[in-house]
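Two complexes follow with subunit A in common, the first pairing it with subunit B and the second with subunit C.
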Partner chain A sequence: MSHHPSYLGVFLTFVRNSLVRDMTFRANFLIDTFSSMSWMIMNLGFYVLVYQFTPNIAGWGKFEFFVFIATTMFVNSLVQAFFMPNAEELSEQVRTGGLDFALLKPIDTQFLVSLRRISWSSLGNFFVAMLLLFYSVPRIEGLELSFWQVLLYPVYILMGVLILYSVMIALAATSIWLGRNQSLYDFWFYITNFSRYPMEIYQGTWGTPLRQLFTFVIPILVVINVPARLIAKPLSWEHSWLAAFGVVATLGSLLGSRWVFKRALWSYRSASS
Partner chain B sequence: MNAIEIRQLQKSYRVYQKNEGLMASVRGLFHREYREVAAVKAIDLDVEQGEFVAFLGPNGAGKTTTLKLLSGVISPTGGEARVLGHVPWLRENDYRRRFALVMGQKNQLWWDLPAQESFTLHEKIYRIEHDKFVRTRDELCDLLNVGHLLGRPVRELSLGERMKMELTAALLHSPDVLFLDEPTIGLDVIAQHNIQKFLKFYQQERKITILLTSHYMKDVAALCKRVVIIAQGEIIYDGSLAGIIDKFSGHKILSLLFSDGRMPSDLARYGDVLEIVEPKARLRVDRGKISQVLSSVLANHTLEDISVEDPPLEEVIAELFSHSAEESERGKTAEEIRNGEMRTAGVSERSNK
Partner chain C sequence: MLARAETWWTILKICVEERLVYRGDFALGTLMRFLPIVTQIFLWTAVFASAGSGLIKGFTRNDIVAYYLLTMLARAFSSMPGLASGIARQVREGEIKKFLVQPIDLIGYLLLARIAHKVVYYSVAAGPFALVYYICRSYFPGWPPTEVMVAFLLSLVLAFLLGFFLEATMGMISFWFLEVSSLLFVYMLFTFFFSGHMFPLEILPEPWRTIVDFLPFKYMAYFPAAVFLGKVQGTELVHGLMIQTAWVLGFIVLCRMTMQAGFNRYSGYGG
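Presenting the complex of A and B:
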């Protein structure tokens, strides 16, 4: 027996088991995929309507904004597939005492709790996003993609996913203190709502403080804006600080959420037998 | 060598004192009163490697809390514990690789998947070599006779079958210490018996250390030589199963078979009459008076048969538990119960009848 758990092996088993499970409930799987995809497509329709009345919003033209939406869909579908079901379940596991079993395993508890279940149906939007991206990017006027843009785009998407994951797992971990935290999902929705728009729209008396709050305190504006800008706009030094900040924000969020999670586990009290 | 060492281990919970009624609930939103509940009060316990020890006690006595402390699921309020040389609540991987916890009331297998898939997950988490994993799994499934159910979703298994799968999952990594929290709860007699048989065999074969809590005296009688009774968070007895009767029961059961239907009508003067079915009678007699009663019975009556027995263990323990609950309401400590207060209280109550 080796002394280090095989994280990749465990992850792949989670991937496999979740797939087997999702396939068992085939109808549910199809309905899930279909409903989340149609919701996103309707959303897209709404912006098509909006762009009938204006050529651009805060500097984002129609196709640039479509790329922005595609980025949102990439990030959200990944978060929903890998982390959302687990964060939701954590609250339940705390209430029922199911977390006990996770604590017994000779493997990092946060890893185990965060990736246990993968919701394959949420990946449907990932493919819609792919189509939208390939449709929109060539239609952006005057954009010539460089090698760096193509390379860094997925990296920053991944960083965005990690930031959202951090916020989510920190929120979910609070249910260890609170005993129950069912408003997790609602709160999540309120917060991520802000991330779905270009950060330039947050201006003025209300907008500026909001932008600062959601950039520096809870860095969710970075999540979509950095990768979207990276691929939809020509590279410019003016915005390189944002790219650097993206890295800092990701590391900061991960460390912060790790700290919250560990603190919470320490005060875990388990449910009665 | 001691596998488990516990010194002055304590765990108390802060519980929100909820009052009845809507107004009280509203007040509770702003101002909460908390009450400290001591689940485990400074217990000491040593368990040797290879021992099979039963934890008995009424509901809420602190058995499960102790097991959870020893498996590192919760951390204590005070005191120390070492299992296999590790402090459990530090949750070191080196420790977590060497023990397992099975809870009869909770399941860790994936509900919608065949048990086989959960086993594979354990193979990866504990990093068991594949050959060894297959060998151990087949061996356990053979012993428990569940090999044919490996491919069936866990939700479709019966309670007994599921428990066997839970046990298999817990033993795949060949733990040195096993904590069992009511593993036979809710099972029928046959399933209970099968699990007992398995545990007995496995423990003797592997010489692992097992701590078992159970409500079924049969589990305990079949499996454990050593019994620890815990009540109100304190250990009030530690010894053999038979010793419980000596220590906590103040009486014996006297069975008499009278010849030629000459059953006397004044049997009550010898002790409490439990049952009369002519020509048989069963009496409960104070332990201290048994020889005196015997000689007097033999002198005055013609008997075909006579026997003196200890009361059934289950009765003694049930009595002990109900007394410890009453005593705690009256404010007596477990110390007093342990020192035999309980015996005199029990006896005097009975003689008042």
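Presenting the complex of A and C:
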């Protein structure tokens, strides 16, 4: 037996197990998929209403903004499918002492606790996003997609997912210090709420510092803005440095969260076992 | 009669104490709940800057911000976190049996628990609310005249009652379907969208604008805010309050009827 576990093999097992589990309760699966989709469609409805009154929001035309929303949906559905259930479970495991079992396994703990469960129903939004993207892109005036844009868009979406994952796992790891982190999901929602808008709307005395905070300190504005821009508004100058910065931000977040996670693990004292 | 009042008073006191255990969490949670307002301010500022006109459906940008802040207050009255799902859980797990055995009315008990919940919530949330409203005072058009203020407060109390009885009725449905979480999610979506919590209902196009007038949801967020901002005045205001009252009475009756019907078919699952 080799000392290095096959990470891909373990991951595929998780994928299969979660699918079996989700398919066991098929009606529930369908309802979950439907409700997360209807939430996003309602959100889209809000912007359809707003665009009755204005040709653009901070320079984003209607269909450009739809691309932005589609990007949000891609990123969020991936994060919710792969990491959200695990981050929630981590807090619970810390509280009950179940984390002991994860620590004993001969595999990287962060890998194990981050990917154990996959919520397949959250991927429903992925397909809605796909439809929205294919609907909106041809309707943006004067837009011609180049090979590079199409190639880099999924790459930057993936980077966005990794940044959000970093923030999430760091937040979840703090439950080791705090004992309980019940409002994790709330906090998560309120923080990522800032990332769901084009960064140009943050202007003025309050807006500029806010934009800088969420670009350079907690880089959540990069998550959706960079890939969305890449497709919808590729010609602006700002874009090239943002694209470069996106790579730096992703690496920085991953390393930072890894550090927080390891530090938190050192403080872990098993509970109630 | 006196013994009865004493019972209810004791229940109320216990519920208040139970609630106060989590006061720190409460205060922090309330402050965080205002964060989406921050992005809404930026978003609408950008919308108004691009729209060119300073007025959208009779709302200035400041009106919209004030509107969002006021709907937060209205929702603090009308939202009932965990009420319907709590009833559903009690039905599923059989805990509801105790209301069949003990001489305590289920709806009355829930109402008192909810009042206790809200009283504690307001006493803790008053600080964060006052702080945010003070910071944002320039968005408000100023204090409305006394009679409007009275109507506003009345509409808030009615919003609380409407929210309570509407959601309790939703909870009673669990006597028929054991698992109602998806139904509750749909209900939550509807209230979010059609109560005016997400946007001022004026921006809806026809026929939706008319349809929402015939739904109870708008009285849980839109109506109190619109009253404060002077969007509903005179006879329209009086009619609005009357329709709101009618909805409350309707759901009081419906809630009790569904509870009785539910008790009749209840078969006591669980331990």
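Here is the rule we go by: the second predicted complex is superposed on the first by the 269 of 273 C-alpha atoms of A that agree within 3 Å, B and C clash if a C-alpha of one lies under 4 Å from a C-alpha of the other, contacts with A are read in each partner's own complex, and residues count from 1 in each chain.
Note that in this section a residue touches a chain if its C-beta (ideal position, glycine included) is under 8 Å from a C-beta of that chain, and two chains touch if they have at least 3 such contacts.
Remember, it's a predicted structure, so these values are computed and weren't measured experimentally.
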Touched partner set for A:201, first subunit B, second subunit C, both or neither: second
Partner chain in contact with A:139 - subunit B first, subunit C second, else both or neither: neither
Which superposed partner A:5 touches (first subunit B, second subunit C, both, neither): first
Touching partner for A:24 - first (subunit B), second (subunit C), both, neither: first
Partner chain in contact with A:262 - subunit B first, subunit C second, else both or neither: neither
Intersection of subunit A interface sets (partners subunit B, subunit C): none
Of all residues in subunit B, those that touch subunit A in their complex: 13, 64, 68, 71-75, 91, 93-94, 96-97, 99-101, 103, 105-106, 108, 110, 112-113, 117, 120-121, 124-129, 153, 173, 181-182
In the complex, subunit C residues that touch subunit A: 25, 28-29, 32-33, 35-36, 38-39, 42-43, 45-52, 56-57, 182, 185-186, 189, 192-193, 198-199, 203-205
Residues on subunit A engaged by subunit C in the complex (per definition of touch): 31-32, 35, 38-39, 42, 45-46, 49-50, 52-59, 182-183, 186-187, 190-191, 193-194, 196-197, 200-204, 207, 210
Subunit A - residues contacting subunit B, complex: 1-6, 9-10, 12-14, 16-17, 20-21, 24-25, 96-98, 100-101, 103-107, 109, 112, 266, 268-270, 272-273
